[in-house]
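Pasting a structure here, questions to come.
Naming follows writing order (A, B and C), and every chain is counted from residue 1.
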Amino acid sequence: MINALDVAMTRRIGEFELDVAFTVESGISVLFGPSGAGKSLTLALIAGLLRPDTGTIEINGQAVTDCAQRLYVSTQQRRVGMVFQDGLLLPHRSVLDNVALAVRQARGRRARRAIALSWLERVGADSFADRRPRSLSGGERQRVALARGLAGEPALVLLDEPLSALDASVRAELRGLIRDVIISTGLPALLVTHDAVEADELGDHIIAFEAGRVTGRRTVDRPADADAEARRDVPSSDEPS
Amino acid sequence: MERWREVAQTLGPKQKLTITVATVIVGLGLGFGLAHLFAGAIAYWGVVSGPFFTTVRVAVPATLIAGILGIASGYGLAKGRFPGRDVLESLGSLPIILPPTVVGFYLLEVLSPGTQVGGFLTRVVGHDLVYNVDGCIVAAAVAAFPFCMRAARSAIEGVDPLLEQSARTMGLAQWRVALLVTLPLARRGIASGLTIGSARALGEYGATLMVGGDINGKTRTMSLAILDAFTTPEKNTMLLILVLMAVAAMTGVGLLGRSRS
Amino acid sequence: MTALIPHSWLNGLGIPPWVWNPLSISLHAAVESTIVVAVVGISLGYVLARGRFPGRGAIETLFSLPMALPPTVVGYYLLTRLGGPGPIRTLEVHLFGHPLTFTFAGIVVAQIVESFPYCVRFSRSAIADVDPRFEQAARAMGMSRARIALHVTLPLARRGIVAGVALAFGRAMGDFGATMIVSGSVPMATTMPLALYNAVFFGSHEQAMVLALVQVGVALAILLGVSRLGRVRAW
C-alpha cells in the first residue's frame, strides 16, 4: 500500500535544526509535542511554503519535494488543504467566497459556490455564509477554515493547531466536528497540536516531536463504533446525505 | 461616531458654545466660498473652462498611467528578491524632490524632435510630443508616479504574508493570489497613493511649463493659467477650484489612511 | 550671504560660479528652512500622533495642502500675504525692516511652506508607530511627559523622523514654482531650479546639463539615504 505521505527531510533555521522522517497513512495523524519542536515548520515544508535543505516529500507516492533532484512542486499544485491556527480567512471576502476560492474541481462561479455551500453545510457554517470573516467568532471562523481546507478536494489535509486559539468549551465542540468531517471524507490528515487531550481525541496515529526530532509514534486504540456513538449528540456533526 | 459622542459628553457648556459658533462660522465661510465658486464659474466660465478642461485632459490619463506603472513597480519592489531594489525605488522617487525644471529638462531631452531619442519617438508617434498635450501628460505622470509606487510598495508589504500563503494552499496561482488577495488587501494604501498622485498631476507646474510650453487652449493647465490670472477677476474662481481640489484630495488621503484596522 | 566658502577655494576645486552661486543660495536657503521645518514639523507631528483632540485630521489636512496644491498657488498666496498690505507685512517690516517678497528670506519662507508637509507626515506616522507600551512603562517609572517624548518616543521614531526631515530638505532644494513667484527671479534669490530654467531657455545646453546633473546627484543621495532608513507610510 502506498503511504499517504512520506517525509524524510532536514531544515536548519538559525540554531534550530529539524531532522525528521515519518510516514502517514489514512486517518488522522497527529504531530504532537511542545511548542518550538518544529511541528508547524514541518507542515509548512510539506505544504511547500518553505523548502527543506535536504530530503524528500512524497504525497501518495508522488514526489513533491526532492532536494537532490531540485524538485519543488509549487504549493498550488500539491493539492494540500490547509487549516491555519487563526483561520487566515481573507478579510475582504465573504465566508462563502473564501471557501469558493478554494474549490478547484469546478469551473464557473455558480458551480464553485454550490460546492462551497455544501461544504459549509457539512461543517455547520452555512447560516453565516454571507458574512465577513471579521464578524465571526473564533469557533465559527475555524469551521469555515475547515470547510475551506477540504473544499478543494485535496490529497492531504494539513491542520496547524486548528483549535489552539479557541476557548476550552468551543474547542471540545470542534474536536468532534473536525474528526467526524475528516473521517467522513476518507482523506488522510496531518494535525499539529501541543495539547495531549486533543491529540488523543483526534488522532488515529500520534507522532511525537521534540526539538526537531521524531521521538516516538503510536497508534491510538479507537473502537470505531464507540467513537461514532460518542459523537452522535453533537448536532453539527451530522453526516450529509 | 462613538468617539465623537464620548468627546461631546466631556465638553462643558462654554466649550459647546465655542464649537457651535466655530461650526457656524466655518459653515458660513464654506457656503460663501461655494456660492462664490459657482457664481465665478458661471461668470468666468469662458476664460476658466479652457484651462480647466486641459487640466482634466492631462491629469486623468496621467494618473491612470502613473497608477498602473506605480502599482506594478510597487508590487515588484515589494515582492521581488533582487539586489538594488532600494536604488530602483530611489530612482523612481526622484520626481518627489527633484526640481520640476530638472524633470522638464530631461523630458525635453527625451521628447523633443531635435534629440536622438525624441526624434525617434516623434517618428513613431507621428507628431511632436513637446508643446502638445502629450508632453504635459508625460510630465504629470512622472510627477504622480513616485507617490503611487511608494504607497503601493508599502501597502503591499503590509499585507500579512500568511494570508497569501493560505491562498496558495488553496491552489490559487501566483497571479490570482496577487489579484484576489494581495491587491485587494492593500487597496487602501494604494488608493491613498493614487489620490495624492492625482493631486500632484493636477498641480504639476514646472515640467509642464517646459515641455508643454503654456500654449493657451492647448497646453495651458490651471496651475499655469493661474500665473497670468493674478491680475484678472477670474483669479479667485481658479484659486477656489484648485484649493477645493487639493482639500478634497488631502481629505481623501486622510480618510484612506485613517480607518486602517 | 552667499559667500559661505571663499571664491578662491572654489576656483581651486574647479567649480564655476554659474554652478556655485545658485547652489550656495539653494543650500543656504534649504538649510535655514529645514531647521525651521524640523523644529515645528516634528513637534506638530508629535501632537498629531499622540494628541487626543477632535479636529486632528483637519489640522493634518490643512498643513498637508501644499503637497496637493500647485506650487504656483502656494507662491501666489505667499506673495499676497507677505507682500500685500496687511498685518503680516507690517510685522515683516517691523522685524526685518522690509517686506520679504523678492528677497532671499522670501524663498526661505516659500521652501518652508512647500517642505513642511513631508516632515509633519513622516514624523506623525513614525511616532504613531511607536509601541505605546514603551511610553506607558516610562510613565510608570515616573518620567514627565516632556522627558518621555524626548527620551523615549522621539528616539524610537528617529528613523522615520530623519527620513521626513531629509525629504523636506530635498523638497526645499527642489522647489521651483513657489520660489519663482515669491522671489521674482532676482539674482540674490536664484536657486538651482531657477538657474536651470534660465539655462534651458536663455543659456547654454552645456550649463543646463551640468546644473541638472548636480541636482539629480543631490536628490538621489537624499532618496538613497531615506530608503536606508526604512519604511514609513506617510500617505
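Operating definition for what follows: a contact is a pair of C-beta atoms (placed from the backbone, for glycine too) under 8 Å apart; a residue touches a chain by one contact, two chains touch by 3 or more.
Quick caveat, the model's predicted, so the values are computed rather than measured.
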Innermost chain by mean C-alpha position: B
Chain whose mean Cα position lies farthest from chain B: A
Inter-chain pair with the most contacting C-beta pairs: B-C
Intercentroid distance (Cα basis), chain C paired with chain B, Å: 20
Centroid spacing, where centroids are CA-atom means, of chain A and chain C in whole angstrom: 55
Whole-Å gap separating chain A and chain B, where each centre is the average of the chain's CA atoms: 46
Residues of chain B that touch chain A when the two form their complex: 160, 162-163, 165-174, 180-181, 184-185, 187
In the complex with chain C, residue positions of chain B that touch it: 4, 7, 86-87, 89-91, 93-94, 96-102, 104-106, 108, 147, 151, 154-155, 157-158, 189, 192-193, 196, 199-200, 202-206, 210, 222-224, 226-227, 230, 239, 242-243, 245-247, 249-251, 253-255, 257-258
In the complex, chain C residues that touch chain B: 54, 57, 60-61, 64-65, 67-73, 76, 167, 170-171, 173-177, 181, 192-194, 196-197, 200, 208, 212, 215-216, 219-220, 222-224, 226-228, 231-233, 235
Contact footprint of chain B on chain A as seen in their complex: 47-49, 74-77, 79-82, 84, 88, 90-92, 101-102, 104, 148-149, 152, 158
